[in-house]
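Next come two complexes built around chain A: one with chain B, the other with chain C.
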Partner chain A sequence: MPPVFGVLFDGIAYGMLLFLMSVGLSVTLGMMNFVNLAHCSFAMLGGYVTVTLMNALGWPFFATLPVAFIAGAVASIVLERLFFRRFYNSNELNQCLLTIGIVFVSIAAAAYIYGTDQQPMQLPPYLQGSIHFRGLDLAVYRLFLIAAAALITIVLVVTLEWTRFGAQVRAAVNNQRMARGLGIDVDTLFGFTFALGGGLAGLGGALAIAMLGLDPSFALTYLIYVLIVVSVGGLGSIAGSFAAAMLLGVADMAGEYYIPALSSVLIYLVMLVMIMWRPSGLFGRR
Partner chain B sequence: MTSDSIAAAARETAPAGARDFLRGQIRWRWSEIVFWLATLLPFVLAPDYLVLASQVAISALFALSLDLILGFSGIVSLGHAAYFGVGAYTAGLISVWGWGEPLTGLVVAGIAAGLVGYVTSFVIARFRHLALIMITLGFGLLLQEAANSAGWLTGGFNGLQGIHTWPLLGKFEFDLYGYTAYAYALAGLFLIFLVARRIIHSPFGLALRGIRENGARMPAIGAPTHSHIRTIYTIAAIIAGIAGAMLTQSTETVSLEALGFQRSADVLVMLILGGTGKLYGGIIGAVVYMVARDQFAGLNPQYWYFWIGLLLIAVVMFLPNGILGGLELLAESAKAQWAKSKWAKTP
Partner chain C sequence: MAEMLLSFRDVRAGYGAGIVLDAITFDLPENGSLALLGRNGVGKSTLILTIMGMTQIGRGRIVWRGRDITTDAPHRRARAGIGWVAQEREIFSALTVEENLTVAARPGRWDLKSVYDLFPRLAERRRNFGNQLSGGEQQMLAIARALMTNPALLLLDEPLEGLAPIVVEELAAAIRRMTGEGANAFILVEQHADIALSLTQSALVIERGRIVHSGASAALLADHAALDRLVGLRLAEA
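Now for the complex of A and B:
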């Protein structure tokens, strides 16, 4: 079997991770136009929570995942109440600066507590190894990753499409002023959405350790990827984010496999062309 | 804030016309003359710190270039180090290839950075908001990765080896103590500052501020917004390239760090700290930032960024116009107090 399927498989697993880490940012950006560059710090927090619980307290891997979600959600809601909500009407430069400041602080704090080394993590034995399928080696963890992310995506889509909360969120993304006019409490709604996005990022960070590693520069390295997903996919569009994350994941893996010397150049080039071609994203409306 | 003060100043001078308004703006103030005389003090007071002083002057020049586009024209850039890096590598490369004369090196580096800036400005002028931020960020990262991949040209991760700068004007050697380096950097900063000051106080500069305040309305009154943005962006790229070349020439090294995201973020912090759209903001910010970093040099850079992060949050939350903006507020309230007390005394 040609390696193209292996690359595709790894790319999809990677894309799923990117989607989990970026979907929250996409929705909050579409809703409030708030440029939150600290989004990947929530993912990093989730990762460190999982590592600490597993290595220091001996928790099983699966038990740490909900805690990582809650940690991301709580951190994001606290930051939102303390800082972000004062800047909704500010210009994007101030929002960028504020959140870059938070990124810097989070990176330094992680380096202070955990050092700058990669964090070791031992997956449970049933998630290690790989399955042979028609001459193809499929890593069990990546299969699990794809299944878990697909499940979360379905839950997310169902929530947003078929619940009252989801309808309110879509209304607020579509037209914030009109939604307010109809009596939707956009501020509270936004708090919940923000927490949900931060929680998903935390979960994504926890799931990412075994595939991408975890060190303090995580918050900045993957921020770039998350921003690419959001801006290529279009603000507030879940389908767009999903498509962009898959595209980016597969393209990055393929680039690393076929032309390792130029892969990152290629990624940035593709991103620039995409933004210039469709400034509002693949599925964007604005 | 700034638009209000401009409007207020314009009202005061309105009967005399726009020309006199601009003339009033460009008049040299005493504080400015004192400031530039004070930049000579390091030669006398702190000869041990001249190397640091030269780095401060170079950073100030870089921050001034960012101020032209961000502070005066409202073009947010997270990748301004790209032009700094192009200048730095151009100066390094022509030195490696056997021509180490510093002044011609500056000119060539400025032209190279300006060319790159001119080409990119066509894209920059078309976008605003998030798309613009992403494009500048992506372009900076793209250039950094390209420089990393092109190891045969740039030395890749190890930086460019074998740079030697000839003595300035054939006489003054770039020594370890930094006399020549500081004099060189300061002279460059001052001359380019004069140019920037002239640009800002010209009708073209006023048009730029108009674009910053309301980009949609400027075309309606007949201002060619896109070509204005292209012009100022190219000028800013040239200045950034010259700053980069100066750093290469005075330290005789250049590495990937010259065009990294960190440098783009650093210069943004300096400018925000000092105050945007004020000409002196970048310079004050560079002095404070670089001196503070020198004082904390023992700190692991990771921890240094903790304080930078806190500082950014604090400045954005409490001091939106930077140090200079804060000082202006203080001066205004002091003036108001003084006026009030004078009223109280007169019977």
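Now for the complex of A and C:
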């Protein structure tokens, strides 16, 4: 098969994971201007929930996914109520210091409980191997990733674009003061959005294990990718995050395949070019 | 005394440590109408924001239908029945015209059909996004959006500011139609003092954060000397 299709396929699967892990941060950052560097810790939590349920309790892979979502959602709402909401009116530096501290705590906690090794995970047989299609060799799990993430993206877009809840979220991202002045309870709305974003990160983390692996450094390693997605995509823009995640996923995979010597800096070059071209992000409104 | 819709009692308000308004006391009855006049920068918009709960209150009480709302959050005041048309219009640019109208709507006599009847131009532009509208259309949308919450009190902060004369006439006519029915109270901040006075029952004039005149709108409109002194408006002698 021509490598370009293989690279594209892997890049899209990777991009789908990045999208799931970053979309929540994009919305909450756009909505409340709260810099939550601990967003990937929710993803890591989802990953550990899935491996624990599978390896220690023998749960099937699919049954663990909703639990990973709920774990991410609950963890994010607990942190929001306990810590984050005290820092909404604080400056970005304080928010960064608080949330990067939470990242380090989550890394230490994961290392303490699970050790620093990669977590083993056995995918169910029907998600292993690959299928051959017109000369292309497509890994079943990556096909599944693309399909699952596409489905979640559609549900998310429909929710945000076609429901009143979605319109209220967009209104609050757009102009928080006016939203409050019209009777929209922005704090509660933000709580829900925060939980949804944390839940999607948890789900993304659970789905990521088989492709990206899982160890305590996950919370920091992928934080960088997630921040690039959010800044290139534009704050608060679902479409922007999606486009940026795809671009980054494909660029990263292409770099590794074609120019391995440059692969570790290529995504930063892509980010640099994109930010210089569109300083407020691909679909950014400010 | 009949129960008032909105009462201010000796309110001091501002932003942070800065005091903009002081010793503000007034009453607005159900279905009443009030013109808020004064030169630029005297605190008229701050008074509107104080009604919405978006300033810091240093002293005094704000009472809504007998209930103290001095410390209520803005969204609670909006839900209690205060509709806000902000000075800068503050249309949600990421929402379509129709979404702007429905995003915070509450049931009542104003619905999509009746606001489209009032502003037919919005019906034509229902699928456009908020940032694709002219200034006049944005103002219509800001008013219609507030009406859709079916408020008992409508706050109109300089709805005619910065608009072409023909649009001013069109909007003033719509405001006259909408308020003439007397189905809700309203407070109107307006540089065009003659229009504001002709639309309202009573008037407050603010100067440097304090009320310097309070009385019937018709009486003030007829008193050209007072108008000139208070708001710098010279009306041609009839």
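One rule holds for everything that comes next: the second predicted complex is superposed on the first by the 285 of 286 C-alpha atoms of A that agree within 3 Å, B and C clash if a C-alpha of one lies under 4 Å from a C-alpha of the other, contacts with A are read in each partner's own complex, and residues count from 1 in each chain.
The definition used in the following text is that a contact is a pair of C-beta atoms (placed from the backbone, for glycine too) under 8 Å apart; a residue touches a chain by one contact, two chains touch by 3 or more.
The structure presented is a predicted model; accordingly, all values stated were derived computationally and were not measured.
K.L.:
Please determine, from the superposition on chain A, whether chain B and chain C clash or fit.
P.N.:
fit
K.L.:
For A:Tyr126, decide between first (touching chain B), second (touching chain C), both and neither.
P.N.:
neither
K.L.:
Going by the contact rule set out at the top, does A:Ile184 touch chain B (first), chain C (second), both, or neither?
P.N.:
second
K.L.:
Touch check for A:Phe165: first (chain B), second (chain C), both, or neither?
P.N.:
neither
K.L.:
With both complexes superposed on chain A, which partner does A:Tyr258 reach: first (chain B), second (chain C), both or neither?
P.N.:
Neither partner.
K.L.:
Of the partners chain B and chain C, which touch A:Val173 in the superposed model: first, second, both, neither?
P.N.:
So A:Val173 only meets chain C here.
K.L.:
Contacts for A:Ile100 in the overlay, against chain B (first) and chain C (second): which applies, first, second, both or neither?
P.N.:
After superposing on A, A:Ile100 lies in contact with chain B but is clear of chain C.
K.L.:
Which one hits more chain A residues, chain B or chain C?
P.N.:
Of chain B and chain C, the partner in contact with more residues of chain A is B.
K.L.:
Nearest approach of chain B to chain C by C-alpha atoms in the superposition, in Å, rounded to an integer.
P.N.:
Distance of closest C-alpha approach: 13 Å.
K.L.:
Show which residues of chain A lie in contact with chain C when the two form their complex.
P.N.:
Residues 164, 167-168, 170-171, 173-175, 177-186, 285.
K.L.:
In the complex of these two chains, what residues of chain A are touching chain B?
P.N.:
29, 35, 83, 86-87, 92-94, 96-98, 100-109, 111-112, 116, 216, 220, 224, 227-228, 231, 235, 261-262, 264-265, 268-269, 271-272, 275-276, 279-280
K.L.:
Going by the contact rule at the top, pick out the chain B residues touching chain A in the complex.
P.N.:
70, 76, 78, 123, 126-127, 129-131, 133-135, 137-139, 141-142, 145-146, 149, 261, 265, 268, 272, 300, 302-306, 308-313, 315-317, 320
K.L.:
Contact residues on chain C for chain A in the complex?
P.N.:
Its residues touching chain A are 52, 54, 73-75, 78-79, 84, 86, 90, 92-95, 99-100, 102-104, 106, 145-146, 149.
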